[in-house]
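Two complexes follow with subunit A in common, the first pairing it with subunit B and the second with subunit C.
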Partner chain A sequence: MEKTIKQWLSRMKQQLGNKVRSMEQNGAQETVMLVEKTELPDVCYFLWHEKKGRLFTMVGNDERDIHGFFALYYVFSFDSFRHFITVKTLIDPLDPTFPSVSVQLPAANWYEREVKDLLGLRPQGHPDPRPLILHGDWPEDLHPLRKDFPLDRHAPRVQSRESFMPYDSEDVTEIPVGPIHAGIIEPGHFRFGAVGDTILHLDARLFFTHRGLEKANEGMPLEKALFLAERICGVCALSHSTAFAQAAERLGGVTIPPRAAYLRTLFLELERLYNHIGDVGNICAGFGFAVGVSQGARLKETLQQLNERVAGHRYLRGIIRLGGIRIDITEREKEDIVRTLSYVKKEFQELVDLLFSHDIAMNRMATTGVLSLEHANQLEVVGVAARASGRSVDIRRDQPYAAYDQVSFHVPVYEVGDVLSRVRIRVDEVLESIAIIEQLMHSLPSGDTFTPLPPLPPYRSAMGWCESPRGETVHWLMVGPDQTVYRYRVRSATYSNWPAVPLAVKGNIVPDFPLINKSFELCYACCDR
Partner chain B sequence: MFLQIAIVILLAPFIQGVIKKTKARMQNRIGPSIWQPYYDVIKFMKKDAVLSHHSSWLSIVTPYIVFVSIVTAGLFIPTYTVNNDWNFIGDVILVVYLFGVARFFTALTALDAGGSFGGMGSSREMALSAIAEPALLLALFAVCLSSGTMKLSDLVVSLLHNGWDWFTPSYGLAFFAMLIVVIAETGRIPVDNPDTHLELTMVHEGMLLEYSGRYLGLMMWAAQIKQLLLLSLFIHLFFPWGIAASGDASQIILSFLLYVAKLVALSMLLAFIETMYAKIRLFKVPKLLGSSMILSLMAILLRVFE
Partner chain C sequence: MKSGKEQTADLRWTLQKRMKEVLGRSLHIRHVDSGSCNGCDFEMNTLTNPIYDIQRFGVDFVASPRHADMLMVTGGVTRHLEEALIKTYNAASEPKMVVAIGACACGGGMFGRTYANYGGVDQIVPVYVYVPGCPPRPEAIIEGILLALDRYEELSRNKGENKR
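On to the complex of A and B.
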């Protein structure tokens, strides 16, 4: 493997020729290519289109106090080599622009708009230059992620620059929905252009509760930053804390003890279970199937009570520690897990049989909200939504972490991409998760649960990733000289998947939107970090 | 007559409570008490209403128009006795169009404040009622044809005497046609979902989003009364036995108890249907109502050729 990767990299260097200024290793799994900013679109397109790399994350960083430049990192994942290639470019503060990659690589759309909003680096030729993270009433020349922007600065509000898709025809009705909704859900503004009840176009305006967590994290000691990472989102708390801890551990070159790795895997799967089962129940609310809703809620509650008994927290907070895990489980707790899961499995199977034999439910789910494989690939969709559209990505299998290389499991993939496929993926994954936990219970190694972290090298970056219930979540971390966070970038699964929702709802009817939206089950808090 | 109005108005929240409680129990939930709809109505009546700056006088008068027209319709539908002082004024068609007046004003006022959900709700309601109304009329005609009168009290008396033959095909057809219409008109699953919080899927609830306080209370109460009236209609067309034909006090009490028992049983059936089914796609609703119309038509044809 080592050798093939070397050959593959040197061949790539030849193909790119003098477009690449330098190439260096950053840890065992990552190679950083430094390119001129003018070459950025070409090199990225080559890696994405020719070499079939997935755009994994993209980070903009204010490194002016290190070497006087801003830096952009486009990270591509090559799953077959289990390797990452980062395209890095430096941007002169006197000319804070760069050629946009989004034209050729649509998945870069949001990343580049975010860099423009938060760091003031302007992507030139970007197809959609509207503000994204900061809304239109934020002053255009204030960029909060720059290091010279003080944390306590209060920004004045200005005349809003928000705009939505204009419609010329009188036949198109604009239906604004939100940001405040009738149910207790997070804020998002949806503007439908509909002809009758058929959706022509959807504008989704998100990021209403941007919290500036990445900025707040800068200058924080790592233990405290872990605490904050855990609070990015309520329902994927453990995925976020694990991803953060892995980034720090990779930076320090630490391998966590096997028992800690197994326990992390166990809790990550418990997180997936309560999410997936709750989601299957919630999807039933989209077509008013109340029995499904209440049974899903009941099983989710059973699992959350198990979480509380075993881990001390219903949402599995506070169990990850840098270099390992904070808690251990006893034999009695193992029995409790096995017993509860066999009960849940039986009950869940009943719910699934009921749902899949219900004619109206099946009719509502099938052919609704189809996301095509082509769109899923172009937007680099991840998680359940990707696998339901025939895109086989699962970071647990593709770039294993924790103890996922020690257990065998199957990654379900469906081709159709409708609501029903997304439900089927969740159902299959619930059974896989239970099987994974059974394997872990049989082979749980004994020993320590924690390796202390050495001092981390300053100004080097590392990534941690995790397959959250919604898909892969990537945390990119750079530590400063005083062992505090220098730059922290969270790319959640939701961030990758939101741009796909407007494509999936096109051509469906307005009353089906809640159902389609629920089947993606995107979380606002993961975006509004 | 006043007794009739009092019963219709006061019994309606109870039936709503029974339906909600039954649904909750069938879904593994405990659910609110069956008296909850009364508490809700009392609560709303105590509250001040907030009106949108963009709304006109329509928003203020509509709740009263809707409430009054539905209560008026209640005068023509027999509840616990066939004797009714208002017989000479109106028949089945008047009842249907009193409901129509209420629906018209509800849909019109939903557009008043300019909210997007109101507009969506009223456009859907009108599109559906264009089919639901003839379906209701046809189902009623199918029954009326047997006794040759459109007056509900005469109709019930004639049904009492001649009775339905349980095994007549036209009976069964009319029964199912009417059941579908009752479900559609009360805004229940699989046509509409009364419990949803998803604005985009709402039909009847969407039109009520702009109301608050006592106006909302009146609109909800009116909807509950309409539900009670439709159920009463259904009961007396298909299960008229036991209704008091004379003014004898003991007979009236017995008839009243029987009436309430039949209402409770029917509301449990509705709750059962609502739990077993899920909401169908909006564009399939016309097909469902269309099948109700076909059933009624077939019932009518069978009657004619018998």
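On to the complex of A and C.
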């Protein structure tokens, strides 16, 4: 394998010729290609289109203190090689622009708007000049992720630059919704352009819960930063803390003990379980199927109470430690897990049978909110939404972490891409998760649950990733010389998937939007940070 | 000693009793997410599941602040949600009992004060009761409602005395 990766990389270098200035290894799984910024679109398009790399994340960094430049990192994942290629370019502060790659590579759209807002690096030729992370009333010339911008500085509000899709026809009704919604739901503003009941276009204004988390983490000791990382999102808390810990561990070259890896896998699957089961129940609220809602909520509660008994927290917070895990489980707790899961499995099966044999439920779910494979691929959609549209990505299988290479599991894939497919994926994954936990319970190795971390090398980057219940989540981490966070970038599953929602709702009726939205089940907090 | 389940049940009966005593009617709550991680939101949702089921005791989460006696605010108020929180507060009917749910709403939590976050609901609107926790357990949220009722009773008694 190693030899083939080397051959593959050197052939790639030949093909790219003098477009690549240098190529160096960053850890075992990542190769960094340094390119001139003018070559950025060509090289990225080559890696994405010709070599079929997935755009994994993109990070902008203010490295003026280190070497006088800003830096951009476009990371591509090559799942078949289990390798990442990062295209890095340096940007002169005197000319803070770069050629946009978003026209050729639509998935880069948000990332490039984000570096424009937060770092003031302007993508030239970008198709959407509107602000993204910072809303329109933020001054255009202030960029909070620059190192010379103080964390707690409150910028004055200016005349808003916000705009939505204008419609020429009088037949189009604009329906504004949010940011505060009718239920207990996270905030987002939606602007539907509807003809009668049918949605012509959806403009979504997000990032209402942007808390400045990445900046708040800068300068924090890593142990404390871990706690902030798991507070990005309530229901993906463990996925985030695991991804953060893995980034730090990869930076320190540490392998966690097998027992810690198994326990992490166990709890990650428990997180997936309570989310998926709760989501299947919650989707029933999209068509007023109260029995399904109640049963889903009841089983979710059962699982959260199990979490509390075993891990001490209903949302599995506070159990990850850099280099391992803070808690261990006893034989009695093992029995508790097995017993509770066999009960949940039986009850969940009943709920699923009821749901899938209900004509109205099936009618509402089937053919609603279709996301095509083409769109899913173009936008690099991940997680449940990707697998429901025939895109087989699951980072647990593709780039295994924790103990996922020690268990066997099947990654369900459906082709249709409608609400029903997304529900089916969750149902199948619930059963897979229970099967994974059963395997873990039988083969849980003994030993330590923690390896101490050595001092981490400054100004080097590493990534940690995790398949959260919503999909692949990536944490990109760079540590400063004083062992504190220098730059931290979180790309959650929601960040990748949100741009796909407006495409999936097109042509559906407005009353189906809540159902479609629920079937994607995106957390705004994960996305907004 | 009573089991956790029994204690939770007791708490809900107390809630019903106190609601009748203090308000003489049911209690309607409007949720405002002012920039939370959604953990607190999910715990509020939990209150309506078949295990806690506080709707059975006359408490409901309503769609409009106009119908609400109480605002439950989660999150430390982001710059982007400040306006929404103020508008919701202004639209709510008296007595506008604001209950800050969770560490972030109470005082900024882990995020504190940043360029995008104010660090606590009381920076923007007056708060009745603070319910700490990350997130607070469903029982703690019920306890928070009870405390808000106590406070309301006390304030209206004082108001009555002033009038006289």
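Here is the rule we use: the second predicted complex is superposed on the first by the 529 of 529 C-alpha atoms of A that agree within 3 Å, B and C clash if a C-alpha of one lies under 4 Å from a C-alpha of the other, contacts with A are read in each partner's own complex, and residues count from 1 in each chain.
Note that contacts are C-beta pairs under 8 Å (C-beta built on N, C-alpha and C of every residue); 3 or more make two chains touch, one makes a residue touch a chain.
This one's a predicted model, so the numbers in the text were calculated from it and none came from an experiment.
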| item | value |
| --- | --- |
| Contacts of A:Pro481 with subunit B and subunit C, given as first, second, both or neither | neither |
| Touched partner set for A:Arg298, first subunit B, second subunit C, both or neither | both |
| First (subunit B), second (subunit C), both or neither touched by A:Phe513 | first |
| First (subunit B), second (subunit C), both or neither touched by A:Ala182 | both |
| Which superposed partner A:Gly288 touches (first subunit B, second subunit C, both, neither) | first |
| Contacts of A:Phe227 with subunit B and subunit C, given as first, second, both or neither | second |
| Of subunit B and subunit C, the chain that contacts the larger number of subunit A residues | C |
| Subunit B versus subunit C as contact partner of A:Ala361, first or second or both or neither | first |
| Touched partner set for A:Pro445, first subunit B, second subunit C, both or neither | neither |
| Doubly contacted residues of subunit A, that is, touched by subunit B and again by subunit C | 182-183, 294, 298 |
| List of subunit A residues in touch with subunit B within their complex | 173, 175-177, 181-183, 197, 284-291, 293-295, 298, 358, 360-361, 363-364, 509-514 |
| In the complex, subunit A residues that touch subunit C | 134-135, 138, 144, 149-155, 179-180, 182-187, 207-213, 215-216, 227-228, 231-235, 237, 294, 297-298, 300-301, 304, 314-315, 317, 523-525 |
| Contacting residues of subunit C [partner subunit A, same complex] | 31-33, 35-46, 48-51, 61, 63-64, 75-76, 78-81, 84, 88, 109-117, 134-135, 137 |
| Residue numbers on subunit B that touch subunit A, as the complex places them | 23, 26-29, 116, 119-120, 124, 189-190, 193, 195-201, 209, 274-275, 277-283 |
